[in-house]
Amino acid sequence: MKERTPNELLLPFEDSSGSRRSFLKLVGFGIGSASLAGCSRGPLQSAIPTLEASREFVPGRAYWIASTCGGCDAGCGVLAKCRDGRPIKLEGIPGHPVSGGGLCPAGQGSVLSLYDSQRFDGPQRGAGGAGSSVSWSDADRELRSAFDALKQSGGRVRLLTGTVNSPSTRAAIARFLAGFADARHISYDGLSSSAMLAAHERTHGERLLPRHHFERARTIASFDADFLSTWISPVEFTAGYTQLRELDMNALRMSKHFQLEARTSLTGCRADERVRLAPWEIGAALSGLCDHLEGRAGIERRCRGAADTAPYRELIARIADELWATRGESLVVAGANDVEIQVLVNYANELLQSYGTTLDTVHASQQRLGDDREVAELAQELAEDSVDLLIVNGVNPAYDFGALLPLERAGMLISCAGAPDETSALAAWVVPEPHFLEAWNDAEPYRGVHALSQPTVPLLRSGRTLRETLSRWAGDERADQDLLRAHWRAELYPRSPAHAGPSGFDAFFDQALHEGFVLLEGDSSTPGAFAMDAVRPYSSAQAPVAGALGLVLYPKAGMLDGRHGHNPWLHELPDPVSKIAWDNYACLSPTTAERLELSEGQLVSVVTTAEGASVELPVHVQRGQHDGVVAVALGYGRTGTDRFTNLGPEWLQGRPTVEAGGVIGANAALLTGPLDAGRRCDARQATVIATGSSVELASTQDHHSLTVPQHLAIEGHEVRDMVISTTFDDLEAHPDDVVHEHAVPHAGELWKEDHKGGTTWGMAIDLSRCTGCSGCVIGCQAENNVPVVGRDEVLRHREMSWLRIDRYYQGGDDELRTLHQPMMCQQCDHAPCESVCPVLATLHSDEGLNQQVYNRCVGTRYCANTCPYKVRRFNWFDYPREDKLQNHSLNPDVTVRTRGVMEKCSFCIQRIQEAKAEASREGRKLRDGDITPACQQSCPAKAIVFGNLEDPESAVARLAASQRSYSVLEELNVQPSVRYLAHVYNGPRTKGSHGH
Amino acid sequence: MTYRNTKILIVCMLLLGALVLAQDTDIRLPGNNQGYEPEQPIAFSHRLHAGELNIDCQFCHYGAESSRHAGIPSASVCMNCHKTVTAKFDTVLIERELAEVEGRDPRRIISPELRKLYDAVGLDENLQPTAEGGTPIEWVRVHNLPDFVYFDHRVHVARDLACETCHGPVGSMERMRQFADLSMGWCVQCHRDTPAIPGGPAEDHASTDCAACHY
Amino acid sequence: MKRLAYIGVFEHEADLLQAIRESRELGLEIVDAHSPYPIHGIDELMGIRRSRLTIVCFCGCLTGLIIGLWFQYWSSATDWPLNIGGKPFDSLPAFIPVGFEMTVLLGGLSTALFLFIRSKLWPGKKSRAIGGVTDERFALVIARKDANLAMAEVPELLHRHGAVDVRQELGQ
Amino acid sequence: MATKGQVGSATPVPLIEGDKSCGQVTRDVCGPLERGPTKLWWWAFLCAASVLALGAWAVWYQIATGIGTWGLNRTVGWGFDITNFVFWVGIGHAGTLISAVLLLFRQKWRTSINRSAEAMTIFAVICAGLYPVIHMGRPWLAYWVFPYPNFRGPLWVNWRSALLWDVFAIGTYFTISLVFWYVGLIPDLATIRDRAKGLRKKIFGFFSLGWDGSARTWSRYEMACILLASLATPLVVSVHSVVSTDFATSLVPGWHTTVLPPYFVIGAVFSGFAMVLMLMLIARKVMSFEEYITKVHIGAMCKIIVFTGSIVGLAYGTELFTAWYSGSEYEQFAFANRVRGPMGWAYAIMVLCNVVAPQLLWSRKIRSSLGAVFAITVLVNIGMWFERFVIIAGSLQRDYLPSAWSTYTPTLVEFGALIGGFGLFFTLFLLFCRFMPMISMCEIKTVISGDGYGGDHSGGDSEERSVA
């Protein structure tokens, strides 16, 4: 299935303004409309075939190209699904050594950035958008002469990048910098793990980031690390973590997860036990933990007495017990970018014998290599006006550091940004990079794991990779692909077992391209023994001064450090915890908000106590958050977000998503403080001052709990049982009780059914596995052409997502439990929506699907009213699709719905039909697993399983038969085809088993 | 009263006349393009290729087997044959005889319609590539389905359905014509009448689910 | 065949009724009586038969009911059975409302139509209303039933009963 | 001629005052039509037409731009639109009731008001029918709700959908009401024809079908009226029952309840009578019909309002009891939410206007105060609108899944469509007052001739001398 040699596809792709014809030439089979006067047969449609027939693609048939996701630096493998010469969807490569087959929302969304019409087209001279276009040869000539002058004068050259884990690029960097007398490559990460690397330098003698094996961790203690959503490699960690949440009846396995955190993170929502721990308490808590562990290990006590002063003394002792009991299969992680804390984490892991089992330092991670200290040094150099040339690639320092890093004082600033950003606006030259789906690249996310990226489409905008650009400047005129191949031939091929075989390099490389990655031994780190001397109890904790709050800056799953700030899908993705789209906000705990007399949506200034830096943000009252902190999301306030002004529908009372010239949210990166302390996202203090005005936050959920409002509650029915949860011990003791106590006796049917059986498509969703990461939400959006409607429409509760993730809080802030439940059309067999449609626009298929026929729909909305799950979505307007380039991301297999029709999850009917057509072509029957809906494909946790419920051998039927299986609102007897598997906490028996 | 009766009679006759006239002028409901036979940029003859020469449909429309779309063949597919076949055989024969008589090498005869093909692929008089290259041929689509209908050739070819069932006697059409009305009722009727694959969800006929075509 | 008729115009309902009664006794043929409002008892007096409108209405209703139910059954269970919310193709209880509405619709329309046809009322029909009968006058039209009877007595009869105006006309 | 009609009251109160003769009646009713519009009429018409224009603009804007210009959302799919629909259908019901049911019950006091009540029915049904069409996402495809032969298979319609039942119910209701109204109009149109000249004569001549007041025609005519009335009576009950099934047959808690059909029908009678009374009070003033629409009429209508209002109150209680007794947590919550939830204010308005306000009419003093009666009718209409609003939007906003709960805030465009309905209604009504005999002359003449249906003069039981 995977087609891997797209060279023939690299037909000339002229600039989009005059490119209709060339695009049609490319897609092979375009349909154009031209008016034909005096003809009653409607517009003339032309069909323009390619001049050259291609063996590779047949118009209308999808093909897949293996590549590596560029959404962040984790290096997940992706298959780009292409139709007619263009990628339309990214899917994880099943069995990929990093991601294992899933994809996160940012990864799913990154295909849209390819079709960003505001990207740079070729080099620009002068500041950002105001610059003038220059040809590549002119730019190279001028810049080379400037470099020559620098080489003569011995000027200082700095290359500032994000994590570069591409070996071929690193080689090109080295070659380029070698030509200068004083040249350095500096890297940093917007979401920094610098302290983890530094801590290992102290404890293991090598600056490295170990690989975390959550799939081996039976006990996990996480201190503020959001490893299921944004921390280092969330897709991989989710896949690993959920492997130990396997609750099939034949193999009950469950890890125990403690989360001690200040804000309410997605990871915290999953934890078996979660407590609120302020950032300044983490050191003390970790020291206490180490104290306990030392005691159990019976070694010299370096943290003696810390246990007595630690917060949550009893809990820490219990965590230590549980960790110790599973030592060798335990894992302690901390999110803080603080070397002292990370040293303690290393120490705890060392005591727990995690190194070599749950932590791999041999095949160390290269997903985050940035070093905060180097940035601080660069800032110093810039401040001294001693940098003559600064080349910035892959990061946006002007956004991340603002005035702390005086970029404008560099002698010459060259930005490699693909699209205008804060840094390119300051640059003397912009030498744009292509999108990762247009370019060759390689990556080594873990030592020994070599991933390849290849172009899936000819360059839509003229750009050049850093590797090619630097090689050009270093005098190497080879094309990018040749540079990459040369590096692989010289460096990697000799290490492969294929080297000894007869097939040669081309076969090796083609195989790597086909798979998307290759595993090679021989490139590993060699850390030293654990240096006990590096360990000392944490001392430098500082509680906030009176009147101030601890400031916690965190990334959101869609925006991360702001690199996806121009992606409308990710902006409209509701945060998995707060359920708010289109904004960042200052999160305060309910108690604190009450104390400060603030309520949801009130605008406040968050002012750092040290520098007085401030941002103005609306308040979000976040349950489960520590009372002593204010949490603000990074990644917002990007310039260029004013592009979303005209995003949604325009009408009488419509409000723009962002005011003309404004930005979405506010940039909280500017609050991180001085560079020399590292990029500490949780170590600042801030005061929160009300400004007096307020805004509405675009939340997709109004009621946040399964408990109905108190004054309306009927006795005995205060809590609804949409999400059933239980504890592991209850499940083990009485597996049948879990769901049964919610069951409603079935009174039988009123009528005999006329309908045939054979196939009933169904879905099973394991709530114990689902983390709420929302990868499925964006996957669904990409697959099904779900429109983006803009902030105002979300505010009016008209978001269009077919698949939403319901989030319910239960319990008080101290013992907050958060339940996530993916909710999409339940494809009911007795669908209430079907009987109410007057025009038969929604009815049942012979295969048990609830079909929605857009072209028949007249839009009465009766079906949506009567749907008990409220999963139907109505096209309130013709949502603007004026960006013709962006429209190329549309899936041609799914109708783009017009105004006034209802739509909803179809179980990816286009994929069902495709699989059936292929099976029929191959003359065989459908097999279980032939059909994978977009949400299932995307799910890193493998929480979603699709198949034929009537085939007892199918995976979905087996799950549906599980003792944890139930359907939502079973008592209505609408007979949904989606089965949920009860959520299980790893906890002791409760009396009875009151899950919720 | 007779006067009124006459009036009624006249009106009835007029209505009847209008109906008869409507039959003749081939008036049909909007959206029904049955019989559509647009002029094409190159006067390609299906009668010659599919009829007389009996070339398999899928030789050119090879997408029908593996894709939703049967596809309009690329010019390069035409060139497989028309690299050598440049004009009608009899004109070539005449030239050959003439050349023999005149004692010279026969000239290459290129028919005016094939000239358009060579222009499109960018070949000069001697069938050598020109500097400008070619421009794709803009054929006029004959069979147009609305955007919300997903017809899949692949499945129908796999079920050994003859192309003529829907496309009509293509082998006798000089210019391609829409044979069927391509209405939903026409599709559905065939699906009702066609026995299904045994073991499929609907045992007695091909799927008449909405989602067979609309999604 | 045209024949002679007399028209008497009255000012009071009672005069008209008296005139009718006597004309009938005399064996005169009452072509018609005209009044601005329905006069009760006049039909018996004039010997008008009970209208068959009821039967027509009933037949209309029955037709509506049968067509309504049959068409619903045919279109959803025979012509193209479709699975709607798992309900049986022949969902008779769900067909009742439309069946009922069709009953009433056809019943009502056939009644009105029959009224118009039977009473020869159609749009644009030239009115032959006798002056004032749509306002406050009452009129009686008398024709000769028996050739032996002297028509000359008729105007006198009408005048005797208080007719304010008596005209002679050629009627049908 | 003396007036002899009575409304079952011990003291004979004249139904028609002023000792009218037939000619007098003709002149009184036709007079205003022939004299040309009064200043007051012009002002009223201007107001109504402006409101109609505003509504037309709102509807046009909404159709051109999208349903999104209304404040609906993924949870609340119906708001003002269907509220208005049910409200207007309800208003229409009183007309049929007065003309058909009271005809069957030989209530001759209906004669003064039945014509305008029937007209009101037709106009209200026009208004009502408008909303389901414009509430569609693609109203230009509204004809798809009709089962006409087509080239799609053929694809028919979903006979199981309550909305489809609505199509037939409203369609039949409109048709039968129109036929009934028109049949009733023919003699009066003939009266006007015979008084008119020129173009008016031609137009009224065309529509009066050549009516000549023949005794034979009268006989069939009366029979037809009785038959149509007998058909219209169950029809009117069925229509609002069918409308209520839009809600009762769906799964939404607060909708899914068997009490809805009778509850809706009685609500419709209640609101309809209030609307008729309100219009009568205006019309008798504007058109100077004080002698035809007397305190007897007003008193009778007041009694019906207080009676039906009490039944409506009982229905409110019943649904609360049913919810409580059901044991269904969703049903119970839906009603707790209806009374005390975010739309509790609307529930309060509903109860005050529909249950409390009409109880004042027990007092004869209030019944005889036209101002007070007028105020109460206005309140009842407001309350009944809110009843539908509470049922529709109030139930939808919070149903099963707490995650999907939402709120509903109407937009300006929606308010435009709301008042546009009133604009249309009053415009049509004013035009009707202007061009059609507002009072059924022939029936009034029957009453004053002492031979009203069931009148004492005709010798007791009407059955005896009904059309033979």
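Labels A, B, C and D are assigned to the chains in the order they are written; within every chain, residues are numbered from 1.
What we mean here is this: a contact is a pair of C-beta atoms (placed from the backbone, for glycine too) under 8 Å apart; a residue touches a chain by one contact, two chains touch by 3 or more.
Please read all numbers here as calculations on a predicted model, not as lab measurements.
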| item | value |
| --- | --- |
| Minimum number of chain-to-chain contact steps, chain B to chain C | 2 |
| Between A-D and B-D, the pair joined by more C-beta contacts | A-D |
| Chain centre separation (chain B, chain D; CA means) in Å | 59 |
| Between chain A and chain D, centroid-to-centroid distance (C-alpha), Å | 58 |
| Chain A and chain B: spacing of chain centres that average the CA atoms, whole Å | 48 |
| Chain centre separation (chain A, chain C; CA means) in Å | 80 |
| Junction residues of chain D - those touching two or more other chains | 153-158, 160, 164 |
| Interface hub residues of chain C, defined as touching at least two other chains | 80, 84-85, 87, 91, 94 |
| In chain B, residues with contacts to at least two other chains | 188 |
| Contact graph of the chains (line, ring, star, complete, other) | other |
| In the complex, chain D residues that touch chain A | 61, 65-69, 71-75, 77-78, 132, 135-139, 141-142, 144-145, 155-158, 160-164, 167, 246, 249-252, 329, 332-333, 336-337, 340-341, 396, 398-407, 411-413 |
| Partner chain B, residues of chain D touching it in the complex | 150-155 |
| Chain A residues touching chain C - in the complex, by the definition given at the top | 751-755, 828-835, 840, 843-846, 975 |
| Chain D-touching residues of chain A, taken from the complex the two chains share | 649, 651-653, 701-706, 708-709, 711-714, 716-717, 720, 722, 793, 796-799, 804, 806-808, 821, 823, 832, 834-840, 843, 856-862, 864-866, 868-870, 872-878, 898-902, 968-969, 972, 974 |
| Sites on chain A touched by chain B in the complex | 21, 24-25, 28-29, 31-32, 40-42, 44-54, 58-61, 756, 758-759, 843, 845-847, 849, 851, 853-856, 893-896, 906, 909-910, 912-913, 916-918, 920-921, 923, 925 |
